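Here come two complexes built around chain A, the first alongside chain B, the second alongside chain C.
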Partner chain A sequence: MLFYSFFKTLVDQRVTVELKNDLAVTGVLKSVDQYLNIKLDDITVIDQDRYPHMIAVKNCFIRGSVVRYVQLPSQAVDTALLQDAARREAQTPNPQQANVRVK
Partner chain B sequence: MDSGPYFTTSSGLIDSIDKKLLIVLRDGRKLIGTLRSFDQFANLVLQDTIERIYVGNCYGDIPRGIFLIRGENVVLLGEVDEMKEERIGLRQLPVEDILIAQREEIELKQKLEKVRSKALHERGFCIDNSANDLY
Partner chain C sequence: MGDSFFGFNTGLPSMTDDELRMAQKERAAREDADVYDFASLRHELGDDDFDDGLGDQLEEAGDDLNDETFGDDTIGKDFDFAATTAQFTSKLPDDERMRHHKPNEIAQAHSPAQQHPQGSWQNEDLDRQHREANAIWSDFAQSQHQQHRQQPGYFQGTPPSSSMMQPPRGAMSLDEMEAELHRQRQQPAFSADQGLPGKKMMSLAEVEAAMLQRNHDLHHQQQLHFQQQQQSSAMPPMPMSPFGGFANVPPNNAMQQEQLRMAALQRQHQEFMEQMNKEREMRRIDDVRKSRYDNLMTQYDKDLVQRIQLHQLASGDPYADDFYYQVYSSLRMRASGTKPAEGGRGRDSRRDNSMMARMNQQVQRIVNDAKRRPKQTQVTLEGALGKITTLSTRNPRQVLQVSDKKPHDGSPTHIHASESTSTITPKVKSLGSMNDRRRLLNTVESLYSKILELEQMRRQGPARSRRDDDEEQERKLEEWNEQYSVKVQQLWDSLHIMEDNKEQTPLLVAVLTVNKGKKLIPRIIRPLTHDQNLSILSVILAHFSQLQVCRPVIYPGTQVASTEDAQRFVSYEDMDLFMNATAPALLSFITEAPMKVVIALTRLLMEKNDIRYVAQTKPGLAFLTMLLSRAEILKQGGGALHGYAPPSVEELSLWQDVYTALFQALQGRFASIFPAVYYLVPSNPSMDMNQLLLNIDDMYIWQFLAAIAVGASMEQQHVLVTEVRDRVMENIILAKSNRLPLDRATHRIDNTNLFLHSLGLDASQVSAPL
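This part shows the complex of A and B:
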């Protein structure tokens, strides 16, 4: 949940998402979910010539499982706060999130 | 931002429903179709799907009908901007031609890969391709 919350603070920032297939896409982070799936608006593909299929695409949804890196503007990140939150997370592990509810 | 007891859909695909989308799959395929349904695993139902094969600055379309795609195979979904599509600057070829071009491109890549593997093998490296996705 920590990084889900972290990404929520970065909505409307310009970020670059690098995928495991080496495709890199820059866009405005519009939303994120618990799986760290990412929605980007107004995208620019880095090295566009290698990916002609992306020419007509302006907005995209990227499945969290295929992300290698998310590059962020450093001024958008409060590293002290993040470090603090991570420390707290490490000390008091949260009970695992249930993804399916039983009636 | 929460939308029901079963999944948090802040990043949900609900806004993309009934839109013409480009889906890139892990095996490198590009499908273009209308999104009719999705779930929390990003399983998708696409209608009037075409598989578009790109080779060089040409492409070819194969009509595929209705797809149910298992979410684990999805890399990304892109909303196709109809206006940009028209100015795309790529030539459309008939299906047979694009398949021939694609086969040639794959054969060329395989030849290069063979040479590379041999060179690495001679230096003591071992490449396991089964772990790599083909996209």
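This part shows the complex of A and C:
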């Protein structure tokens, strides 16, 4: 739940989401959920000419699994705290089944 | 009169039958149409009164079996379209009813009005057809209120004066319902028009009917209003234009013009107001329409849905799953401190607070339920082999599972992984050092976990519950304190400071090699005691020359000239990180130290290290500066701030000895403390080395020189000046020569002045050759 927690602190910041289909959208992050689905308000598409069908779109909901990158303002991130949070996540053991075993 | 616009005969007196026939024939003659009209035909034939007996020859028998053929039943109403329409339109919301019935209303209102003024025979004809149509339709009409919906689309509507029709129609349907109900229940007639929900005598149906009527009335009024506005807004534009046209005609009449303009403005204003009202009305209509289906879900339903959604996210310990968010928000709260948005915005904040409280309740409920019935991560179905892991967002299916077995130490596979990732200082590691680095990183991580535990303990505080009395609380607090100090002790032990390793580099020094180690040290200092911190500082100073940051610096934009062992250098970024992260914590320790400590530390630094080497580095100079200035402050009585007595005579003499030793060690080498770059070349061949040199900020050097000059005797000062004179001149000339941007030039002058002021001189006193 680290990334969920992280994105919760970024609500109301302007971010740029780049999707796996190369669409890049800038908007104000309105909400995020446990699957990292993202809701953006007041969006503008980065390459307007390539995506004319997005001209009239003001808000959008992006499924988490199609996101490639999220670009965020660096001053909104507390890197030391993020490192600590990552350390805590790494410490909890996860009893899981996996598809592939790597030795 | 001649023909009217449409060719109707607009004459008033109606014609007799004969005249009618004549007119018809004339028309037929004109149009060349054959008109067969029995009456006129009979008249022609002169046969009006003659009964030709043909009618008697009709066969009128054989009708006996009609009933059997066609049946006795009444004609079904299956194809009674008007009636069916009427049925469901009565249930439609009102505005749609308007749409369906407006033309009819209009037609209806129109026709009675029209019948009388225009009495020409053509209209009579139409009237007749009118009445016939009436008759046809009225056969199918079921009840009285259906008369209003006849003649679908027969007439084209115009002025919407028909709005008058609606209330009666609406009232009639409701009155009907009332009548029925009254008949059914045979109760004394309470008028439905009274104000309703309060009177218990009315049945629920009546109440609802009454409310419905109220809504309808509201609708009617709104629509009435709406249409009136439409009318009036349609009117103003018309008068505007003729007036605008006329304004030019009497130019002499200024008064008239004024009045006209006033009138025009007024009308504009009216228009605007009406526009606003229109919009408001529309919005109200929409609101009422939308809120018809409010309160479909009870609060319990809404809570249930929320609980289902929160079920996935809730957990007992928010710090476990949601660490980043919790700590981040608490840090921000502390930072913003005095201006939170809590009590400020009254309504909004209260609503938010209640929402938050409700959500917290939900979460508590969920957590308690979860605790009572622990959910299994692995489930086995009956009759199936093997276990199934229940996946959730906290426990997602991993694509790869990496096994935890540790590789053997010194296995051949490690040689391939020996290239380091640092691009600035490529380091080729040997087998042993790879392991060392790994071990070091592991140690640093374990230190981090200890620190995180301590910080978490501090954040949460001792376990408290409201049921405890004072004793219980005290006991818990003591318990907490104990646990805390145990952890601190573990942390201290893991640093291995007190152990005596003569040969090896102490752990601290190694930790400071790694960047995350540099960030760790200030966090470690906080929970440790004063003495423990003092030991840490001593260890660092004792092994200062072994520190990674105490090496020649590779400035940004440059690289090492020859392919020497890059372990002999340190990157600028790493050194900067040390200065920004680690040094301040340690230096602040010195700022509060008494004379004894200062003397001891300085001696330690000098004896255990080659001071000339140390003085060539920025961290070294920083520490020396701090020690020197602290000594001076103490000599001048600054120790009183911390409750120290002024230094005794022995202390002063001891200090003097140390100072002299330091000065002598550095004598003749003062020029060397300035950054040397002989070992560097620019990374980008087009860049000039001098340019890069100019970018280096040498403020720390001047600060050191100032610090050492303060305690210097006359000859010592003389020595100082002689040795650094060249540099001073260089700086002043550079600053005055306009080769640098203004702020950088002033910065250079200020730096130099730091030193010169301590000697009692100033840069302006120096006469610089241009």
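What we mean here is this: the second predicted complex is superposed on the first by the 92 of 103 C-alpha atoms of A that agree within 3 Å, B and C clash if a C-alpha of one lies under 4 Å from a C-alpha of the other, contacts with A are read in each partner's own complex, and residues count from 1 in each chain.
Keep this in mind: a residue touches a chain if its C-beta (ideal position, glycine included) is under 8 Å from a C-beta of that chain, and two chains touch if they have at least 3 such contacts.
Predicted, not measured: the structure shown is a model, and the values here were computed from it.
Novice: Could you look at A:Leu2 and tell me whether it touches chain B, chain C, both or neither (first, second, both, neither)?
Specialist: A:Leu2: touches chain C, not chain B.
Novice: Check the residue A:Arg63 against both partner chains and state whether it touches chain B (first), chain C (second), both, or neither.
Specialist: After superposing on A, A:Arg63 lies in contact with chain B but is clear of chain C.
Novice: Which of the two partners, first being chain B and second being chain C, lies in contact with A:Thr92: first, second, both, or neither?
Specialist: second
Novice: Please work out whether A:Gln75 is in contact with chain B alone, chain C alone, both, or neither, and reply first, second, both or neither.
Specialist: neither
Novice: Using the touch definition from the top, say if A:Gln34 reaches chain B (first), chain C (second), both or neither.
Specialist: A:Gln34 sits against chain B and chain C alike.
Novice: Under the contact definition given at the top, report the residues of chain A touching chain B in one complex and chain C in the other.
Specialist: Residues 8, 34-35, 99-101, which sit in both footprints.
Novice: Could you please specify the touching residues of chain C with respect to chain A in the complex?
Specialist: Chain C reaches chain A through residues 312-313, 320-329, 331, 377-378, 389, 393-403, 405, 445, 448-449, 452, 516, 519.
Novice: Can you tell me which positions in chain A touch chain C when the two form their complex?
Specialist: For chain A paired with chain C, touching residues are 1-2, 4-6, 8-9, 34-35, 78, 80-85, 87-89, 91-92, 94-103.
Novice: Could you list, by residue number, the parts of chain A that touch chain B in their complex?
Specialist: Checking each residue of chain A against chain B gives 8, 19-21, 23, 31-35, 37-39, 43, 52-63, 65-66, 99-101.
Novice: Spell out the part of chain B that touches chain A in their complex, as residue ranges.
Specialist: Interface residues on chain B, with respect to chain A: 5-13, 16, 22, 24, 26, 30, 40, 42, 52, 54, 57, 59, 71-72, 74-82, 84-85, 88-90, 133, 135.
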